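Just passing along the structure, written as structure tokens.
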Amino acid sequence: MSVRRIWRIMPLFILAALLMAACAAPAAPSEPAASDGGEQTSEAAVSDNGCVGTIKLGAAVSETGKYAREGKDTRQGYNTWLDWVNKEYGGVKVGGDCYNVEIVYYDDEGDPDTAANLAEKLITDDEVDFLLGPYSSGLTMAASAISEKYNKIMIEGNGASESLFERGFKNLFAVLTPAGNYTQSALKALADQGATSVVIAYEDTAFPSSVGAGAQKWAEEYGLEILGVETYPKDVADVSAIMTKFRDMEPDVFVGGGHFNDALLFVRAAQELGFSPKAMVITVGPSNPKFVEEVGDAANYIIGPTQWEATMSYQDDYFGSAADYAARYEGMWGEPPTYQAAESTATALALQLAIEAAGSLDSDAVRQALNDLDVMTFYGPINFDETGKNAGKPMGAIQIQAGAINVVAPADAAVSELEYPMPAWDER
Amino acid sequence: MNPFALPTREAAAPSAPHPEAAPLLEGRNVTKFFGGLAALNSVDFAVYPNEIMGLIGPNGSGKTTLFDCLTRVQHVSAGEIYFKGVDITDYKPYQVAHLGLARTFQVIRVYKKLTVWENMLLSRQWGGLSMRKKFHTPPAETEDRARGLVSFLLLDRVMDEQAGNLSGGQQRLLEIGMALMPDPDLILLDEATSGVNPTLIEEIKDRIRTLNSQYGKAFLLVEHNIHFISDLCSRVFVLNYGQKLAEGSPDEIMENEDVIEAYFGADGGDDDDW
Amino acid sequence: MRTLTEIWKRYKLGPLVLILLVLFLFLLPLPRWLAPERKLVSNSLLFSLTQLFMLVTLASDWNMTGGFTGYIDFGHAVFFGIGAYGAGVMMAKAGWPFVPALIVGAVAAAIFAVLIGSATLRLKGPYFSIAMLGTFVAMREIVRVLRPITGGGSGLTLPPYLNRPLFYYVTLILAVLVVAFVWWLRRTQFGATLVAIREDEVGAEMRGINTTLHKITIFWIAAFFTGIVGALWAYQNTFIDPDVVFFESRTIELVMMTMLGGLGTVAGPVIGVTVIYWLRDILWSNFLQFHLLVEGVLLIVIVLFFPEGIMGLLNDPSATSLGRLWGRYLGEGPKDAYQSTETETSV
Amino acid sequence: MDQLSQAAINGVMLGGFYAVMVLGFSIIWGVMGVINLAHGEFVMVGAYITWLLSKQLGWEPFATVIVVFPVMFAVGYALQHGLINRVIDRPYLISLLVTYGLSIIIANATKIIFTATPRTVDTAFSGFWRVGDVTVPITKTIVLIAALIIMSGLHLFLQYTRLGKSIRAAAQNREAARIVGIEIKYVYAITFAICIALTAVAGTLVAPTQPIYPFMGPPLTLKAFAITAMAGLGSIPGALMGGIVLGLVEVLIATFVPGVGTNLGIVSSFVILVVVLVTRPQGLFGGLKPAGAH
């Protein structure tokens, strides 16, 4: 590498630097819609409803990477609300005026660096009024640090990890039940049915760790004896060792926390090894219709916590009942809503209600309104505590019964009786 | 001007070997196995100060393996090697080089992506083994020496070329230059003349003689060119199948029945190019 | 084209432009304070550039072992991770301020490099690459298992401190420093020796070079700088867990960027990082669904058709001579070296 | 004791899959000197073909081999001709990066076509046998038996057929092979095609035992590295031993270390990888000549 070589490529370097600068330059307030570097889509279903202004929301949600599937649900959830608020509801009512809504989306690729940068880009370049959360606790962690710094409200429905709310942030609100409470309803219902012991396995990452810790807490609370706790790494391909250990402990209840893959792995390993506890509670998976589709009959009797189900008896004046929402969603996207989709819609709805209550787009007023918010929605009650968690909403529990996802707990939302105990695999 | 930019030695002695003196390089019972195959089998030999010794043998007789063992690239399976009276059997290759033993290679090993000039400079680690001095600039003496050698080896016109762009003969010359850079006491030349044009071979011969007589350098040559050997060497050592076959003056060796048998075997061969 | 190059050379525009560029980068954030209301320089831009500088530093570090010494390290991000966790643990668990924590992280990375390097650097070619990849993955899981210290899979939350201009300047200075260091290094005997090791390690050893010592030295130097970047990244991200810190594709991206710029050249990593970083932005906006797909295709095209990278393309092989510079430069000073090279080329 | 024998069975079953999964990787590396970083992606593609045929057309998953093998053979042949041939004689970094690019392309194309939702494949042979207190999963037993059959078949092919001998010759000494009249490009293309086909068949075998998704490849590629390092390049018995050793180590550690066992099991495979490489670069069980080691 000679001196001269550096000189030779300098024009290129400069060109690149200038281009980069140019990419970020059109952040000037005069052209908010300028299509700059990383912008991908800007969803605005504007209709002739005579609204005076536009509220600009921003969201960096995974389009690619490890959360591609959940990210898609999240987007569709936001867009369901967007479509409804602009076309049917006639814009957000702020004071006497009405505002159309626009959401600026970016793809965070499942990378926290990117999520943080995009959050910053949304705030400083796109100058959005409020931020909607990304999918997953880790990404919310990264993005919310930025919004907190700018004192911008980020409302989210897809980051349930407890550590999110232990940082004393003022601008982060989450409509979903936090991870620690995921297994509460299910364990309570099982304890009521006479279960006495439990084993717990969870993936050693942020969100499942919270679920696992919560499960231990609730198990103790309801008098279930904890026989074993196991962790496993991300992308695990074989859990047979864990299931072997658990089988020999003969627990009443198995609790598995992780991701969709892990749910499939647990069922398969239990089946193969003849591990038949009286109940299997698996945190992510069972409530997703795709789980039944993939696992088939073996899915029966499996219990899963759920943030929301279309069969729940919640309803509001906006989307109607949970079932009405599901019908609307399916009409738009051709598939039934997952709870990720519903909580995303509820996230945006909560923000809208707070804006309307505040009668202003000012962050401080809206923050106050969010803190004061106490409403019932199709998604369930929303009532934020001082840390920004939704303290009002209990976690539901579903059980797969003859291939159908039925809500079995809590009692006020249940549509079906809990079937307990689960028959052994070879006795079905 | 001194063509090699070598420091003139006080002890510059005549070129005759001193069989009674302590050997400069000595191998005792040097044995090397590759799997079950003995590439070197209990070879004893010695190179004396100021001597030019030839090492010959048919292909596959273990000459290069012996060089590799001497420079410690290969571990010997048994036996000891002494250089300047020091047991170097367990030395690392670079330590052997620092003791003053340099070599060239049958298959050319120059640093192809570095220039001729850099190749030369790098061959003399002026900082010794100290890491700190590796960041200093080369002393003038080192540069003078490199310049002298480059011009001696007729490489000055390609001094700034990448070594990989040189012709095979030029690369061989460069290798010799690199071997001479650290001012070694003993130089092992592995087929230094292959691919070099005849005029240049005469030059090299002349320079070796000069280095030997004026600067007291000892040489151990592996060669196929018998004239080169017989003109230069005072003693010749013959290896066959990893074993010492004969040792003596070039004339003696050329008349040795065993050697002729080993070389020409049944089908005879070319007298000129062994 | 020729005349342009000649003007470029004759008026020695290179150093001028280089200095102007660095100066430009140093002055870039100024409008934030001079004319804050115009919002000319957003935090997002600074953040992007900060990331760019970090990548430049990382790629230059990787290039020290991968490009110059020829040891293709597929687990280089392990030093990034150790730097991040070293600093993170000191801050989150021991409550240290950032600067001493950063030093702990960087030193830990360097020490680990010496330890692991003395084992793995004895391996050749792909075996070294794989051993380092294994080290990287093993370290990620080890960090996960050491829950009491590292917070396990839940990670560690660092006190948020999001001063973009500060990070911008720190990383800019670090990048300039590291690139300058590599530039200087290549001109020392040490640097040339590294290339010699790449070209022919056995030969170098037989010519009196203690190759092991050289390899380990450059390895820990690279690891040290990488550890610094890791610590900075952790602080800026405010949150670390094993999966975000020990991110598989981080290393391979560095390899790809360095290769695009030119393996074993000083400017290579800088150019490669800049081009790919910028390219990504374009890909994002134009090939949303497909941008990774397009990236894969680009990678193959780069590797197959420009294995020497952009630097290789720019180089006229007949006029590239390091030794000429080496000799003249060391003997006569930089300006003359530059000039004399020019005269020779024009002859 | 029961736990131990159960763990041993689990480990051997896992190892059987590892062994058959690693074959293609190991032989391509041994014969052609190309480290195929897209290896795991070919497993994934095989699994997806199986999924497609079994879910959409109702085939028995294990029977889809008759489609997977020829299809992927053709894919492998074409890839070798169009792409891999260009990198064989070049520095190994080039082949690493090209195959890495390939892995990105395959994984993302799969994601676009099939979405990122994990899929499962159902086989008629599910369930388990109970032997004393130990259960033997039927599906995994079939996988293990299939793995053994495939390995023996491949071994016989390499030892006794003309083509197999050519492949071994090419691995030992390319120049010499060329001189004795072996069409080296053809041999390489066939080798690559066979290996890709085998790798995809490993995907077919694994499909009924674990969920498949577009990004399942990289962990498998890493495992393949670890096993090949232990096994030695292109060695079939080595792959079997290496796979089973790794499977056993992972499962035994996971079973007998409470709490973080499964995590440690994963660590162990990479610690083994590094230790074996550093202490025995030629692998524990020999094999073809190790490229790059002297």
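First chain written, first letter: the chains are A, B, C and D, and each begins at residue 1.
Following the convention adopted for this analysis, contacts are C-beta pairs under 8 Å (C-beta built on N, C-alpha and C of every residue); 3 or more make two chains touch, one makes a residue touch a chain.
No experiment lies behind these values; they were computed from the predicted model shown.
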Neighbouring chains shared between chain A and chain C, ordered by label: D
Chain whose Cα centroid lies at the greatest distance from that of chain A: B
Cα-centroid distance, chain A relative to chain D, in whole angstrom: 36
Whole-Å gap between the CA centroids of chain C and chain D: 34
Distance from chain D to chain B - Cα centre to Cα centre, in angstrom: 49
For chain B paired with chain C, centre-to-centre distance based on mean C-alpha positions, whole Å: 42
Shared interface positions of chain D, touching two or more other chains: 108, 260, 263, 266
Two or more partner chains touched - positions in chain C: 141, 144, 202, 264, 289, 292, 320-322
Chain B: positions in contact with at least two other chains: none
Every chain pair in contact, whichever chains are involved: A-C, A-D, B-C, C-D
Footprint of chain C on chain B - complex, ascending: 71, 73, 92-94, 96-98, 102-103, 105, 109-118, 121-127, 129, 131, 134-138, 143, 159-162, 178, 182
Complex contact set, residues of chain A against chain C: 1-14, 16-17, 19-21, 23-25, 27-29, 35, 37-41, 63-64, 106-107, 111-113, 116-117, 120-121, 123-125, 138, 141-142, 145-146, 148-149, 161, 163, 166-167, 203-206, 208-210, 231, 233-234
Complex interface listing, chain C residues touching chain A: 5, 8-9, 12-15, 17-18, 21, 24-25, 28, 39-40, 42-45, 47-49, 51-52, 141, 144, 152-155, 157, 160, 162, 183, 186, 233, 237-239, 241, 243-244, 247, 264-268, 270-271, 274-275, 277-278, 281-282, 284-285, 288-289, 291-292, 310-311, 314-315, 320-322, 325, 329, 334, 337-338, 341
Of chain A, residues touching chain D in the complex: 64, 66, 68-69, 204, 228-233, 235-242, 244-245, 248, 260-261, 264-265, 268, 271-274, 290, 294-296, 425-426
Complex contact set, residues of chain C against chain D: 72, 74, 119-120, 122-127, 129-131, 133-135, 137-138, 141-142, 144-145, 147, 202, 248, 252, 255-256, 259, 263, 289-290, 292-293, 295-300, 303-304, 307
